[in-house]
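Chain IDs A, B, C, D and E follow the sequence of writing; residue 1 opens each chain.
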């Protein structure tokens, strides 16, 4: 097992330390790992994702799951945060997502405009904020500048900053695609270089058919899944890694992913559709299984 | 009949609650429903819409109709609000529309620039503001950012915010068009995610010939009109829904639409051309009929 | 004769009322009508327009004409206002034009950037400001936003705001062109909706060959010149209309235009090239004839 | 000889008057004319221009020339001003160039971004600032807006403003090119309209082969060089004209140009490469000859 | 040997002088020369550069090298500066890189958005900041404007400013490429004109096959490497030159480059991959050799 970053080893301003301590040790697994429940798909994909479990269209469903399952926090855009936190205030920590977009136009020049501010996050009692940076998009100019301003506000308000580091845009498609180790590894490093406290990354995939398009030496690198994840964690450096789930997968695959990820040294998991596309009982059972694995990786 | 959102169940700052209470319970139907009269077509379409009823070119016509018919409010751009409210001050609540555009250039990259500010709305004694967001337009970056700034101002001034959530732009056209359930349903959710207090939506239409272009699973979904509207209301969540009329239709169709909408749980109606393209007497009679239906859906 | 708007019937802040009262009743015809002399062609067209009367290249020529002819005001860009008003200070009211452009690049995406501010107008003692909005231009986003900021400044400083509402851009060309009743009528309404106090419009022209391109029902509308102007004045509502002259025309045509316009209910005239492309004597004589007509339309 | 503008006849704020008086009467020819030495070619063209006289690559060369030759001022970008003025402080007036660009990309959409501010000019003790406006460039929107902000700052700080008014961009090329009388004449008027205190213009050229492309009536206008310059000076109105040299020419041509220009009523000369591409002695001798001519044109 | 710029000969505000004195005389070689270790490749190229020496993926490796090797400073983006300086605070001076980008999209319109501010640099105790300007890129407008704002902040905070002056973009490719003497020479001058205190430049290369594309007279200029570097240093004027290494080369080539550069009058070296792509021992030995050469060029 790879050594994980410990909060106590990081230089942080008091506000960031207090809020991160709360997320890492007072809610959720509580052993220095994080289990987050994101529900921003309504903006990113539309109500399409709620068909598998119609109850999930009501954010109250996810809040109840987050409370009963004992998640470290829930991820909302500002609208949901304002309208649905009421009964769960103080019970489920809020991570406010600060930018987003619909998936209706093409992703060639992917960019997510700001939908809320760090001031909104403070007003709403959030314990962290989330920002999607499309690594490698032709719109990276605007994206990195928007991120930099939010990073400065986070420093000023002591608000932990999680980067959703997503390789995206027409250029990455010609270099092996957005899910390759090259792409995810680069994204991990970008998050660290630009000053994210945590980074949300997808599990890198090896696709034989696209290997030749990868920049050297990735084109000749064929790592096992866990090794690939370890490499990515190394590239993120002192930025804590959260692994995202993406589309729903089988229980075995999911638990294997959890095991691999924790073993590779990630700090936590951020699983949305894989949890709330199940009914309440099944989601709680799976949450229980995941947390059992996570309990072995405390710091 | 679907349960409607009640004002008392929402977390709101005092200013928003006072203004919404006024709109919902002190003017118009007064039973927690809303009946709004919009007259922004002069900017959006030009004087073209006034040919059917030449009197309607004078905003005084709509103000008189709004007062005599007992509407919950009238929707104006800043120029009309400044020049025509005088005799109706305090008699007809003002909803100030904050952005708009002409329909002369193409809608491929649809975007409505800001034409007035929340400060203007406060200065003019408005009880709410309106904002058109073109959901899915390639210009969504600029649009969502502009909306976010207005949303923050609304929070600061306690001003209720109504989003005209219109699917628009070249991308939506390739995915089944702007009137499909997919498009309207997505728009409803976007309004909720981004923090609108109310959302103006069109009635979704089922078009057999375009069904194949719809993203899954909408391509195989064939709901009855009222079911479709119920789905949309569910997607809007705690954002109250206003149904718009669009182009003029027959009396029967209009009243059926009203019935379906109220039954589906919408909070109110926002009918422009369907009302003021009639002469004064006919418009008042139709208003009366609509309000009789609405009176059965108080909260 | 159509009833004209009276200043006393309008809701206005004190600064706007004082300045408009001065323009309408203390200078020029002085009977509630306006006669303005614009000289911004040096920026808009270059010195080309001064060949017909070389003296006109010196703004002192127009100032002398404005003073001796008894105009309600002169329209200058900031450079001319700063350098030439000296001897005419308090004798000829200044309308400061706040945006403009050269006509060297194509008009397809027509947009006039700001060249001076409302603060400049206050500093220079202006009694109104002018703004060109290219109605229907693909650049309308930027244009309407720029206008909105100036409108707010005008409200703050009590400065009357005249919109040069010019249909322009590639889209209007495909819909019957910039001089059609459709185009001018739409422009009139836009000025009113967006909050201009006065609007400068061209006299609409009927062009048989382009009628089929006009949006319905304009494609079947064939009004006499004065009827067309009346329609436009109606669309402008409580925004006072100024009719512009455009390129130089015959004396008969010009006087007929004046008569038609005043009869149609416009508040005033803004004639540039038609006046200062004549020598001083002829220009004064024509001014006299025009004012004689205007004297019959006081309010 | 045409009458030149006198400082005493202009309305100016005290700061502008003091600084202009210093430039016109206390340094250089000292008789109300100006002789400026520009050295911004290092940014505009790169070190290419210094090959003719390698010493000229060191800005100390130009400063020494300006001091010994008795120039009215030297034109620097901020970097040179900060690093090289030390020994010449108070000996050679500084004109700070506020925008510029490299000539590596195409000039089709020519635009010079701001490289320093009026505040920089104040801090560095400058007596005027320079701004390049590319008259007629498709980027004129951004250019005119940038200029307007600088103009307002100049008014606030009492800093004289010189416009480098250069016709440029793809559109001007289709209308007879950037050196035609049409182009230069238009540029002169633009400087006056937009509020420049002085304008730097090139000597207009008559090119038979392009005459047909010129807008009417320039296409049929064939003036002698001095007449053309007189026309341009008239178009600039109360904005003082500085004639630039452009690429190096023969001594006879240069002196003839000086004579023509002064005779045509320009206020001064701004010669760069024509002076500092000579060695020190020759440059001083030529300076002497030029100043002798200028001495006959005092005001 | 060419004479190098001495700090004492420059006009500088106290803050810049103090920080530069520290970098030039208190750390690193300490004789008025500079040896900097940059580690921004993780953002610019991704983790690709760390394969040659996997230890180098951890910024702690470079910090240890910088401390033990006695470098004048280390170059970090804000994320690394915040997370890794802790143990080396006060031991290794920090140069904060203020802009950057990934190399995933094309370089045709190369531009590096701001990733941190001068205020960040002050907060983090940096002794200088770095900025990449892509000289000649079609995006130079935005780039030069962004640089100008940072330059003003540097003046206000007394923070030395190093420009990474990189010829880049589609236009430079048609004029002989980014590594030609023409390109590097122009870049050197741009840094001086725009107000950089130091400039990072690559060693110019002569490429016979592209010589014909070079602008005159560079197309006929064939200088020996050291002469070329001397020319570049001359063009940078009073802006101190740092030579960068680029991709890894042989020891002999590297040391020759060092010798040539110092002989040509550069102030220092900024070698990244050439140092940290070696293991710790070899890197320290090479550092020692380089510093031995540098010790002969004190000022």
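Criterion: a residue touches a chain if its C-beta (ideal position, glycine included) is under 8 Å from a C-beta of that chain, and two chains touch if they have at least 3 such contacts.
Just so it is clear, the structure is predicted and the values come from calculations on it, not from any experiment.
Common neighbours of chain C and chain E under the contact definition above: D.
Simply put, chain B must spin 70° to overlay its Cα atoms on chain C, rounded in steps of 5.
Each chain gets a centre from the mean of its Cα atoms; for chain A and chain E, those two points are 35 Å apart.
Averaged Cα coordinates give chain B a centre that lies 57 Å from the centre of chain D.
Across the assembly, chain E contributes 142 as residues in contact with two or more other chains.
Chain contact topology: the protein chains form a single closed ring, every chain touching exactly two others.
Residues 10-11, 135-138, 140-145, 147-148, 151-152, 155, 167, 169, 171-172, 175, 182, 185-186, 188-196, 215-218, 231, 234-235, 237-239 of chain D are the ones that touch chain C when the two sit in their complex. By the touch criterion given at the top, residues 40, 42-43, 46-48, 51, 57-59, 77-80, 82-86, 100-102, 104-106, 111, 113-117, 119-120, 123, 142 of chain C touch chain D in their complex.
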